[in-house]
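Same chain, two partners: chain A is paired with chain B first, then with chain C.
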Partner chain A sequence: MRVRTMERTKIPRENGIFGLYLITRIAIFDGKVLREKMKSFFSKMVIYPIAIAIFLLLSTQAAFCQVSRSHTVTVIVNPVTVMQLSTGTVNLNITGADAIAGQDEMSVTDQSTTIYWGTNCLAQKITIETNLDPQQFKVMSLAVSQTGGTPVEAEISTTPKDFLRDIERSSGNTRVRYTGIALASQGIGTDSHLITFTITTQ
Partner chain B sequence: MNRSFKRSIFLFTFFIGFVFLISAEAIGQRIRVRGGDPTMTITTGIAGGQLQDVINTDCSLRYTTPRNPNRRWKITVGTICLGQSFYLSVVATNATRGTEEPEVSLSDGSPAVDLVTSIPRNSNNARCTLQYTASAVFAQGNSNDVGNDVHTVTYTLQLE
Partner chain C sequence: MKKSIMIIALVALSAFAFQMSLAQAANQLVTLEVKVVNKINISGPVSLMIDDAIPGGAGLQPVSDNSTSYNITHNGSAIGKITAAVNSPLPAGIKLELTLASTLGTSTGIQDISNATTAIDVVGGINQGKDATQMITYDFSATPEAGVFASTVKTVTLTVTD
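Right, the complex of A and B next:
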């Protein structure tokens, strides 16, 4: 009697999932009810399960024919700034062969040196300095044929001077033009420089 | 038992079988990435040249294909990396089953590309080494300025 009351009050639609659950529970008490309700439930649901099965089969075909796995790969690039010089020794010989009578200043130039750089940092510059102090003769430097940056002409001294400014993230090169300048009044002599180029943040 | 009840039993059996088939298929093919989540750091470069590549071979794939269907399988690779700045590529090496395809460049959002193809059915616990190559050019900047590239690399085992 109790079972039948539950049927009437709590199973408004016999084809609901909750209904099936209750039917199962009812069956614990009454095997007869189970058979009746199962028959009713499935007979009314012949078309829908087939339709659902076909739908699932089609829609999940691709899904269960492939399987995926992922992992994380991290790429870090450190700040890197590098520089290299092409040649070691440069000789600037003022022989007087090109001297002009009546003119005190004599000069000679050299462009045999190339500087290569690479930087992935913003706003870099290359400076130039010498270890020689004092100097008898003047030496000027200038970047020529550069692939990047802005050249600055400078007289070489023990104080770092800008040689090439505004170098952006790049890989490039430039020629170095040295100009040795002597005055006839300075007489003769030899200056031996150790020139240092430095690439640094501007 | 009347006819309706028999039909019900048939349908019930059909459902159970259907679920079993799905489960069996899901168990049939497997792919696993081993070796964790690698981090690759580019630290050096060549003046007048470019930054030096970094290669990582710590990771590998393990894959199994089912007996059925009677078809060949393949593994594809794709990545998601929002705001990608640098280059990353991967190639499978030393594959015990299947054919290694050429190196794949991993770009954010690009379609999945074949990594290993012609994997026979019923390949049990086959493996290959994943060789990642990270590269960059100076013009791309550095991680301090533009951030790291974090790739979610996905490998998919599927029918050819």
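Right, the complex of A and C next:
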């Protein structure tokens, strides 16, 4: 089998020949050369796609099997307990409107205060205390209409007294019922209390 | 080094937060004011009727009633008093007298209230406190010269003051 191939050859100027000529050279190769050429050609034609395919495959594999990295995330929920009062001032006035003639004890009540609490702790309680010592008149406290806990009626003193016990993890509220109690025999006067409510572990 | 500082800071912050969470407090100003209280009530009513004479021509038989009582609660001054007044005077020869018992103060004894349209003291020196179920005594008398006195309703007002 013979094949004609055409080649374009540059003829250098220094060879004394004009400019640049294109010479067509017809070369005839024998079958062996052709086979080697074909072999080389087909080898390239096969190897390159295979190489490309392998490369792509590896690339794809690399994309699907990326190296993982991890780190730790630490979350903490600390014990949180908050409390708020709806009002900062309460006035209890014993004027005689509710007094009963012939009785020494006179009283007045107020339920205008609401305590709001929120806690994620177990077994909390609210205590109540006053800064006033001595007191001329008696003030009682009681939690009413509470959404949780167990009310404890207490006479307010400078020693913290339980006001609401057994508060579980919750957000809730309760009304504070103050009862001011005076005896007629004590005469008139004014007691100013700075009442402190404290929510704490019981 | 930085890691250690961070850990220490976190521990300190957590401890602080924990402390904060242990006790939350809220304050409120509560004022208890006891003003002057003077309260009195009276049981009643009372009916007094003269329909007899003293034997021997000594006039009409007076009548008395102590079926009623009063209660007071008083926290003002230690010199409180109870006064009594009648809404309109009685005619001449008709006498209405009033006596109030008292343990908290001092009774002024029998007081003629027949014409007491202006209040008169019946108990004085009332201390702070209460007096319950104290007897009220009415004495009703008339002279024969006053004649027949038709049934008349009188309003007796007792007032406790400082």
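One rule holds for everything that comes next: the second predicted complex is superposed on the first by the 128 of 202 C-alpha atoms of A that agree within 3 Å, B and C clash if a C-alpha of one lies under 4 Å from a C-alpha of the other, contacts with A are read in each partner's own complex, and residues count from 1 in each chain.
Here is the rule we use: a contact is a pair of C-beta atoms (placed from the backbone, for glycine too) under 8 Å apart; a residue touches a chain by one contact, two chains touch by 3 or more.
Everything quoted here is computed from the prediction, not taken from an experiment.
Colleague: With the two complexes superposed on chain A, say which partner A:Ser68 touches: chain B (first), chain C (second), both, or neither.
Modeller: first
Colleague: Which partner does A:Phe137 reach: the first (chain B), the second (chain C), both, or neither?
Modeller: second
Colleague: Once the shared chain is lined up, is A:Thr200 touching chain B (first), chain C (second), both, or neither of them?
Modeller: In the superposed model, A:Thr200 contacts chain C only, not chain B.
Colleague: For A:Ala99, is the partner it touches chain B (first), chain C (second), both, or none of the two (neither)?
Modeller: second
Colleague: When the two structures are overlaid on chain A, which partner does A:Gly172 contact: first (chain B), second (chain C), both, or neither?
Modeller: In the superposition, A:Gly172 contacts chain B only.
Colleague: Who does A:Thr159 touch here: chain B (first), chain C (second), both, or neither?
Modeller: neither
Colleague: Of the partners chain B and chain C, which touch A:Pro79 in the superposed model: first, second, both, neither?
Modeller: both
Colleague: Go through the superposed model and pick first if A:Ser112 touches only chain B, second if only chain C, both, or neither.
Modeller: The answer is neither, since A:Ser112 touches no partner chain.
Colleague: Does chain B (first) or chain C (second) touch A:Cys121, or do both, or does neither?
Modeller: After superposing on A, A:Cys121 lies in contact with both chain B and chain C.
Colleague: Jot down the residues of chain A that show up as touching in both complexes, chain B in one and chain C in the other.
Modeller: Shared contact residues on chain A: 76, 78-80, 82-84, 121.
Colleague: In their complex, what parts of chain A are in touch with chain C?
Modeller: These residues of chain A touch chain C: 76, 78-85, 87-96, 99-104, 106, 108, 113, 115, 121, 130, 137, 139, 178, 180, 182-201.
Colleague: In the complex of these two chains, what residues of chain B are touching chain A?
Modeller: Against chain A, chain B makes touches at 2, 4-5, 7-8, 11-12, 14-15, 18, 22, 25-26, 29-33, 35-51, 59, 79, 85-86, 88, 132, 134, 136-145, 148-159.
Colleague: Which bits of chain C are touching chain A when the two form their complex?
Modeller: Touching chain A from chain C are residues 14, 17-18, 21-41, 70-76, 127-133.
Colleague: If we count contacts the way the header does, which residues on chain A are in touch with chain B in the complex?
Modeller: The contact residues of chain A facing chain B are 35, 38-39, 41-43, 45-46, 49-50, 53, 56-57, 60, 64-80, 82-84, 116-122, 168-173.
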